[in-house]
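Each structure below appears as structure tokens.
What follows is subunit A paired twice: with subunit B in the first complex and subunit C in the second.
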Partner chain A sequence: MGLLEWVLELLLSPQVFAPVVFPGLVTALVVLLTIIWAERKIAARVQMRVGPLYVTRRFGGVLQMLADGTRYMFQEFIIPETSDKGFFVFAPVLALAAAILPFAFIPAAPGFAPVKHPLAALGVLASLSAAPLAVLLMGWSSGNKFAIQGAVREAFMTLAYEAVVFLSVLAMGMLYGTLDLEEAVYRQVIPGLLLNPISAFTFFVGMVMSAGRLPFDIVEGEQEIVAGPYVEYSGIVFGIGMGLAYLKLYAFSLLFSILYLSGWEPLLPIYSVYPPLGGLMLFVKAYAVMLFVAFLRSVYGRYRLDQALRAGWRIFLPLALASVMFSAFVKVVVYG
Partner chain B sequence: MGNLVRSFVGHVRAVATGLRYLLLPNRMTVYYPEKLIELPEGYRGLIRYYPELCVQCGLCAMVCPAGAMKMYVKKGEKRGRPGVNYQRCIFCGFCADICPQNALEMTKVHDVAYEKLEDMILSPEEFAREVRSPALEEGAVKVKVIFSEERGLVHEPA
Partner chain C sequence: MLSTSEVVRSRLLAREGGEEVYELFIGPQHPSSGHMRFIVRLDGDVIVSVDPDIGYVHRTMEKLAEGREAVKAIPLLERMTIIDSHNVTIGLVRAMEKLLDVEPPPRARYLRTLLSEINRIASHLYGIGIAGIMLNHSTMFMWAFGDREVWLQLAEELSGARLTHTYSIPGGVRRDLPQGFADRAEKAVRYMTRRLEEYAKIFLENPQVRSRYEGVGVLKKGEASRLGIVGPNLRASGVKYDARLAEDYAAYSEVSFEVPTLEEGDAYARMRLRIEEIKQSMSIILQVLRKVPEGPIFAEKYLKLLPPKLREQVLSTGRVKLPALFASMKLPAGEAVARAEMGHGEIFYHLISDGSAKPYRLRVVTPSFRNVILFRYLMPGHRFMDFPAIYGSLDYFPPEADR
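Moving on to the complex of A and B:
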């Protein structure tokens, strides 16, 4: 009995529950399965089509991704002759780990953060910016020219968005006077989106770039370099490569909701029963942000690499710098 | 700077257009195996052969530009009867046009699938069978295509 209680207590403690169950791993898996379906469905709606339908027809084909995942699962995992075998197998694991790591810093509800640290926002960003290195490794170890091209594109893109994202978060950190994500929610008298719209905009664009969604899916470049760094991967590892972008997007969306959409406010009354469930609003907001990013697929075509880089350095970096200055101005006016 | 503002406005308008399509979808897809578009007169689908009308003149095989039509001569008979090879047929309809007896007819069936390549070569006997649409056999509803100025293509039950 004592053991059972101990396990239950361990499971329900913020250090385990938040990164593993909600809003972490398990929830992320559900999000992954539904968001890809939603993306296909949204694109289909805009393009006058129907989209996935025949897997669980009554619910509009929502289990389509589960069926696809099952297919990936039973596919052969081929390791090419020319690849650097050790790294080829290790790199996807590393990439996935880097994409999951941010959930260790994202609080689910007030007082329910796995790692409460004054630099939590930086922790999220740091672990997210480690993922491109793993993708670079994936491309390089594949020993395929398309994969290497994709990897180099990933490196270029990282240069384009990293500074923008960090500066946008810095602007908000300055505004709230803290980089602790939990504190940041408390300090939002009105949603951060209204406090500093410039920072919200630059962060949003950086987020889309980082997650490799359209119009910045240059790394994958389906029609040019097939799947970029993931081209040699097959079976479930290809599924990981595909899910990686969405995982990053999910982590970024959570961060966006916390910094700019006042996080879990309004707190649901169910909070008194079990804290993280009260923070359900955070999840709803993050999901809405993700849906919007998924929707962008049906509006945009892909930018060229040089266009994206130019936009990153010439437009969004100055804008991000401007947002830092704007934050200083708002801090004086609003927070006194 | 003015350029940037103009481009930002353009992006916003593009997203707004996308949102309008998302909220007011205008689906044009037909749920195929359940619904089937009624085809217009003169549609050139699979060919049907009526042996009782045929005078075995062989014009159809002669005119066929793809070399799909071939006369099969039975033992003891002097002249053959046409059979078709759907691997080659381009559905131009010349055979049906040139037939002096109207023994060949272009049906409106186009959704037949064959399991093997050899199945696509029809002998005169197979060629004379009625052509059936598998979708209609399984109870597909026929729909009519109407062109509407506001919505583009609209499908109504025929």
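Moving on to the complex of A and C:
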């Protein structure tokens, strides 16, 4: 066996391909770049403005984000005198790691997850809920009043949405009788969205809250607290702060597509050619969900913190509980 | 030596009357502070007090105006509220006219009304757009600023300048109505009427926006008049006061229009009132275009100063070339006051002359300067996130307050 074949085989093995190529790092980076571009394009269409066209005008400025990323790369990374320097540098790394970790549990296609585990859904959620801790650390170690305000908001929001998201996933887990994401796809006789619309709705809202997208982009609160926890960060580390929300959104969208939109089903005899090709379908679904979330920017402003918290605790939490009960009911009727 | 937690505490908290509050300095370097600073004290998430700290764009305009010939104060003072530059100087022009004892011809008065209303619409759109972005509603921001361009173009056609029109001068206006202006203005009115409906859909009736605005920053009727609030902020609290009715200037006594008022006095009422005012302004524009009389646009008294050839040119082209004498025109000794209604509210001028070409004293009271006190009175008790919402609804313009 030649070296090349060996490398190729290593690369195409699920344990390497999934975290590194799809849905992991490389795809995440591409998604990060294109979704920001798409968001600007969608907003531009609604708002009667041009959107990014500075780089590659012919392709609608699709490379704009790459150019922006390059600019961030070469910007000076300033560590404020008053910050807690060790944690100030460490926190973004931790945040990024926590945001990338879920891809270890998300199957791209049948049998194509690096970690195939009966509690994969829980693994995704657990690693995603580690990210807010890092954001909290970012805000606190900055030693900036606005950053601390933002960090406190993150803590509030985390508590409000996480219970909702966990309960929604629990509802689906009950329905499918498993928390294994791959199994969950097989057990969807019809898409989970139709099986339990309440759970889908609460998960979606929790997802938007968690990813800090409008109308719940309260943590960043540009108009009051400048950029919240990220205010003291500059250069590529600020880019990480910005990308963090999109990475979370990407992970959540994949989870949403798997749990509610029947993942890589329907179709695809092309599994037999090469299994990850089934992931294309999953990717398209996840991307559509993300585009919809991006579109919300053009419709909504920002809710107030107490309004969002009240909605989280008083509306969405009871709804999520109701979705659990609804699941129990559907489980009896459909899966009998 | 202080322990770490004590250091952190001392950095974050300020003591006020035995209580510890969280003190935030918002601005002058802040995305939504404008050119000013607010010292905001928070108890948890609730605002305890707000101190507006103005003076970061102070340009001593009143003093500068005393150092130059009276006519040259017009392009100078326009810069106070550059988004509303005709309304801001029409009061000054009126004060000068009172001193000089000259009346503009009827056509000039109508043209002044026309530009004033175009300016008012542009100013309100600016305010609405800023209010939108304060809620992070970027669509409202872009729409309002994009549609503002329609009115800026009309103003540019009329006066020759996009922002600093210098349109009114003592004795009349500088330019006549251009060819085909009425058609384009009517088209703009039709377009804006349609757009206002869309604004309502995406912004004013958006449940998210309503929940941010309703019952927030309530200014009671009595409080509004006690604090001397002016403009839409006053009228949204139910006080029917408008300098366009109180002071006879331009052609406002000859067109019929309503002064909309609302009773609620909250941020939502202030936003809705601006929309209503835009509608009224558009109706005034249509009336002016229908009624505008033929005739000269510049007072006969000054027209006579021109050499015959130039006078012919002025009368035929409708573009006033100021006679050299005009620039160094002596203001008769005396005092004059004038008021005018800007988009933000009433502006007040007090002009004192000792008989030289330069004003002895020029005093301006701008609407934003009178409204800035609201920050101190409306904010306490609200959530910190209401701060930009109330700020946006007040349509406060820092350079105008600072002069």
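What we mean here is this: the second predicted complex is superposed on the first by the 326 of 336 C-alpha atoms of A that agree within 3 Å, B and C clash if a C-alpha of one lies under 4 Å from a C-alpha of the other, contacts with A are read in each partner's own complex, and residues count from 1 in each chain.
Note that a contact is a pair of C-beta atoms (placed from the backbone, for glycine too) under 8 Å apart; a residue touches a chain by one contact, two chains touch by 3 or more.
Keep in mind that this is a model prediction, so the values were computed, not measured.
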Putting subunit B and subunit C on the same copy of subunit A, do they fit or clash?
clash
Based on the superposed arrangement, let me know which partner A:315 touches: subunit B (first), subunit C (second), both, or neither?
first
With both complexes overlaid on chain A, does A:214 touch subunit B (first), subunit C (second), both or neither?
second
Does subunit B (first) or subunit C (second) touch A:295, or do both, or does neither?
first
According to the contact criterion defined above, which of subunit B and subunit C contacts more residues of subunit A?
C
By the touch definition at the top of the document, which applies to A:133: first (subunit B), second (subunit C), both, or neither?
neither
Would you check which partner chain A:46 touches, where first means subunit B only, second means subunit C only, and both and neither mean what they say?
both
Looking at subunit B, which part out of 95-103, 113-121 or 131-139 clashes with subunit C after superposition?
95-103
Name the residues of subunit A shared by its contacts with subunit B and its contacts with subunit C.
46, 48-49, 298-300
Which residues of subunit B touch subunit A once you look at their complex with the stated criterion?
4, 14-15, 17-19, 21-22, 25-29, 31, 152
Contact footprint of subunit C on subunit A as seen in their complex
43, 46-49, 82, 143, 145-146, 148-149, 214-215, 217-218, 221-224, 226, 297-307
Contacting residues of subunit A [partner subunit B, same complex]:
42, 45-46, 48-50, 295-296, 298-300, 315
Show which residues of subunit C lie in contact with subunit A when the two form their complex.
8, 11-12, 22-26, 30-32, 45, 132-140, 142-143, 146, 202, 206, 208-209, 211-212, 383-389
